[in-house]
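In the two complexes that follow, subunit A is the common piece, with subunit B as its partner first and subunit C second.
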Partner chain A sequence: MLKHKESFQTVDKSLKRTVSLFLFLLFILLIMCLISLGTGHLSMTPSEVWFTLIGEGTDRNALLLFQFRLPRIFIAILVGVGMGVSGAIFQGVTQNGLADPGIIGIHSGSGFFVVLYLYIISLQNTQLTGDSQFSQISLPFAAFVGGLTAAILIYALAWKKGVNPIRLILVGIGVNAGFSAALLVIQLRMAESDFNRAIVWLSGSIWNSTWSTVWSLLPWILLFLPLAMFKARVLTIMQLGDDMATGLGTSIEKERIYLIVIGVALASASVAAAGGISFLGLLAPHLARRLVGGKYQRLIPITACIGAGLLLFSDTVARTLLAPTEIPVGLLVSVLGAPYFIYLLMTIDD
Partner chain B sequence: MKKSIIAALSLTLFLSACGSDSAEETDEMNEPTEGISDEQAEDTEQTEETRTLTDGTGTEVDIPSDPERIIATYLEDYLVALDVTPVVQWSVNDGDSIQFYLEDELGDLPTIPYDLPYEAVLEHEPDLILIRDAVEEDQLNQYRQIAPTYVLNSSPTEWRDTLLELGEVLGEEEAANQAIDDYDARAEETAALVSEQADGESAAAVWLVNDALFVVHPERSSGAVLYGDAGFEIPEVVSQLSADADWAAISLEELAQMEVDHLFFINDDEEQTLSDDRLWQNIPAVINDAVYTFDSQSAWLYYGPVANTQVLTFIEEAIHSSN
Partner chain C sequence: MEEIRKNQLTKKETQKRLMKRLRAPHPTVLILLVSLVVLVAAMFLSIGYGAAQLSWRMIVDALISFDSTNTEHLILMDLRIPRVLGAALIGAFLAVAGVIMQALTLNPLASPSIMGVTSGSAFMIAIAFALYPQSNYIQLILWSFAGAALGAGMVFMIGAFTKRGLTPVKLALAGAAVSALLQSLSTMIAIHFNVARDMSFWFAGGLAGVRMESVTAAAVLAGVGLLGAFLLSRSLTILSLGEEMAKGLGLRVGWIKGCSLIIVLLLTGAAVSIAGTVGYVGLIIPHMAKKMMGLDYRFVIPAAALFGAILLVVSDVAARVINAPYETPIGALTSLIGVPFFLYLARKEGRG
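After this line comes the complex of A and B, so read on.
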């Protein structure tokens, strides 16, 4: 069961395999970025993209690439990483392959607090435009508080001498519904501009991404992704079950809380930037697990790549399929993710 | 399904249009704008002259003196009145649904989605963007990188202020005043006809959409035309119901109590058979055969000088037909 019996050679081999897979996925991601830069309602030839990137394109193309498409690509990648890795963490912590932060209500908890926060701001500040830079940066914090609240609520409600995976999902779906309902109530009380703002990202859309959205999300990913990597070993041990993990010298409850905080942080910051994109936290880790197995030291980097790639792909499709009209990217991810979720539910052993 | 989406969309547009309370700003609009300066023109290398106006977000916007490629979605009505042609027109459903009541004036002008995607805006290379709905500041900054973007000060429910402001921004003050004078003269004709043929009679505009009934606010949209300009009496129920929306929900029972003499009924669905309902049959307008049906693409649901003029025409036709 433990890997200590494996010869160094096999460890070396599988490590090598993971690294080359990781590099391969990064390469794919880079290609996708370039394709995504060139496609859209206004198409650009690869040479135009290239000349614009090295600063020799027209002003119009520069505006298109650097102000409209590039921030969007960054957001897609960061959110994909955040939601994917968050899903992987939740699945590890709960030892439940179905734990997606979107399904169990972390997203709607975050969403609820963000909308509540925007509403309170709008009450205090009747001015048409508040300090938008400030509110953009503070959004992830509001989302984080909301995500934590939801996580605590789910955990407390699902607790019955330990947490049964199926009960956790069911309670999560309940909490999800509760927060969604509360969200609607607040939304209906909001003023026009804030209502629009809420609508835009509740549908899981990144169409109006700007650099300030990127800057508000980037620190969260940069801080919590390494933390998740740092805790990957603990997650791997947790897979063995609570008893075994305790036996191996892990203080399970403490580590679990620590990991949940990381997972919530990654998910909430992503939600604050892009709204509730469900199923991404489910799809990415599962595909990654197929590729590299359940060892979190390998799983997390691969999940991050796959999450980023999936969302970037979905967003590119979302904005080109019916261009210039856009499909909310969350909708597209759901179209991909929902059947997979059902497939998992049908094949799970309890 | 498509219809209901359009209906829901337009409903949210109408409801949201009344959210902002910019009464103070509207007052400012009546004073001459002080923001105009010529300094800006000297700074820029362009030979084109610009004027600087302060817009609804408090931002100073350099307005080109002779804008040629204007994007002003959902403000097309006013532009038509000022005889200015924009480069694109508002649409929903991927261009399938436009403001059909302006079809004669706008013709087959290219469409742009109502939410103004950046790339679609960029595609039309505007030199001036005019916006009514308050969008996020981030989003606004993106538009500002494409072209000068002016957010209107005036309240969406005040079409006269909106027209005057647009006249000022586009350097068409005279045309704006002329359009208002023309409209007022036209409205007087209608009012004369109403007081002659239907003195003291009441009227209401009721919109049936997705099995729900809505009645127009007495001071907004076509309500302002119906009561304020044409001079119909406001049924008591209408003034009670109307809160802060252009169209207020009303039940069939309330409609029956309204005892309204003329009913302007906006309904797309001919299959919809309210006519079988006993409550409906007891409405005075129904008994007197004074129900006039329109589709929801007609001017009743809109704001602006063109829409209002069309509503005046509808009212006159209705009165002629009822006698």
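After this line comes the complex of A and C, so read on.
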């Protein structure tokens, strides 16, 4: 009886800890937003940012904030959430700490279909400008189809009497290379302006930061993030291994498919907005796991915060470090994430 | 007793294998001859194809008596011939580098592009472009060698610090991560120093701007490496049967490994300095060569060199045909060919 009460207390305490951690991370994210709003090629003091936000700044500052910096920050946050949570889901589903939608080829699959879609559109009507709103909204759908195709391909190719985690990653790397090469071949058939747009999907960059991109991405995150939370319990059980999970009354294969669809949706909508940013889906869940452990009910919100924070930070650095030239943020995240991947590889057991 | 029996068995097995390999050299020689003919034919095809149509007679004419006032002769000498020679050399270098790496590591997935050696080269070339834009061909090649050493060194370090060493699959993962890191850094350098335009073809691999000077410089340096590979081929045969056995047969394993590593760096560095990172050649070709030639590296190495050269010369023609008048990066083409093969190997190898 006493033991039961004790464990109840510890659960209560760690829940409280998670909530306070979550609020703390949100607070940090808010501060980072304010800093990010002020920094850039044209910098502003925090007080200027504040007055502009409440509508009492100069017109020039208002234009800069509302038309350029604010959408960009929103995109960074949404993409960070999408890719981070997607990484957490893939790590849970494949029971593999090395899984990341970028490394295993989901991103390049999405990118390939997006570029293919843009190419087909540009063939049908040469005047793209009129429907740019329409094409922006439809991009995540094209990306989703691509992501699913890549996921099915990877799963089918890695299947050999079950899916071995490391073989899955290796097959993913191959699929990734294949889609990237195909992407390069298609790009050359495109017109110059579309070509430049397509280049973005190779390295990952929040480059086309307009409100229409925000609106095309937001519904996907708002729909699939709660779904992921809803399935968090299943992910936690899956970590115990397939046999245990089946024993606890979870139909593994069916749940796995649901979860993969959710993960692919989050990843591909993010790719449609910001291109293939690798290693973010690896870093965010691992950092979150260090903080709150492996329970997905807690892991997913913390991962979302950390993913958003990481990408916002990287994007701010990427556009200020060598201003006025911008580094694609995907490169910066790779430089941070690749050493961590190597570290994981060195310590992981077969 | 058990041990002795085992020893006898393995020795018998080696003898059997050695015999099998040395028994029928004629078909292998025939294959080598046929592929040499195919290579020459492909090279002529490549020289003849292009925006400006050159007749066969003209080509022969230009080769016999070169006329520097004739535009067609100039196109041939300044554009077409360096290009086709470059393609053939890169293919040969990368393929032989792959053969040696697979023999050394006993790892079927080992190859210059997968182990991060080519990305290392490209990284150092990016630095050279940024800091010393006036570098000549020789200097570029030296930077490229240093880069190859950097990439290979990083992967080997990871292997050294990994519990129970790198399994084939882990090695591929480590190589992919090192490549991702180095490629990101090189792109950042390229963007910062505004040399992205010069660099872009280096990452995807392209033969469009190949100059005769860079081809000759690379050919001389890597030719030494190729010669070394032929000289080492007998030792590599024995080494590929296992380190223990090689030691037992009186081979100086450390010395051979060191030499082979230097040869790999020479070959890969030279290849990257000509046309950037061309992936998967060093993976597919060695497997093909071993399949056709058996395990005797005295035949495998020349065969790999010829097959690699053929593959790249043909791919280069295809790269010009597919999207004419634009050129497809040759690295993208070899990837499209190589990825299915890589997936096949990954399925076969991916036990853990």
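Observations
Convention: the second predicted complex is superposed on the first by the 341 of 350 C-alpha atoms of A that agree within 3 Å, B and C clash if a C-alpha of one lies under 4 Å from a C-alpha of the other, contacts with A are read in each partner's own complex, and residues count from 1 in each chain.
In this text, a residue touches a chain if its C-beta (ideal position, glycine included) is under 8 Å from a C-beta of that chain, and two chains touch if they have at least 3 such contacts.
Nothing here was measured: the structure is a model prediction, and the numbers come from that model.
Clashing of subunit B with subunit C is the outcome of superposition onto subunit A.
With both structures placed on the common chain, the touch criterion links A:88 to neither subunit B nor subunit C. In the superposed model, A:325 lies in contact with both subunit B and subunit C.
In the superposition on chain A, contact of A:339 is made with subunit C only, not with subunit B.
By the touch criterion defined above, A:304 reaches neither subunit B nor subunit C.
In the superposition on chain A, A:42 contacts subunit B only, with no contact to subunit C. Of the two partner chains, subunit C is the only one touched by A:157; subunit B is not. The larger set of touched subunit A residues comes from C, when the choice is between subunit B and subunit C.
Of the two partner chains placed around the shared chain by superposition, neither subunit B nor subunit C is touched by A:79.
Of the two partner chains, neither subunit B nor subunit C is touched by A:143. Steric collision with subunit C, judged by C-alpha atoms after aligning on chain A, is confined to one stretch of subunit B among 3-11, 57-65 or 165-173, namely 3-11.
Put simply, subunit A uses residues 322, 325 to touch subunit B in one complex and subunit C in the other. Every residue of subunit B that touches subunit A in the complex is listed here, in rising order: 16-17, 19-20, 22, 56-58, 94, 112-113, 117-120, 122-123, 125, 133-139, 141-142, 145-146.
Contact residues on subunit A toward subunit C in their complex (touch as defined above): 98, 103, 157-158, 160, 164, 166-167, 169-171, 173-175, 177-178, 180-182, 184-185, 188-189, 203, 278-279, 322, 325, 327-328, 330-332, 334-335, 338-339, 341-342, 345-347, 349-350. Interface residues of subunit A, counted against subunit B in their complex, comprise 40-42, 60, 63-64, 67-68, 128-129, 132, 136, 191-193, 195-197, 200, 207-208, 210, 212-213, 319, 322-326. Put simply, subunit C touches subunit A in their complex at residues 158, 161-163, 167, 169-170, 172-174, 176-178, 180-181, 183-185, 187-188, 191-192, 194, 204, 279, 322-323, 326-329, 331-333, 335-336, 338-340, 342-343, 346-347, 349-352.
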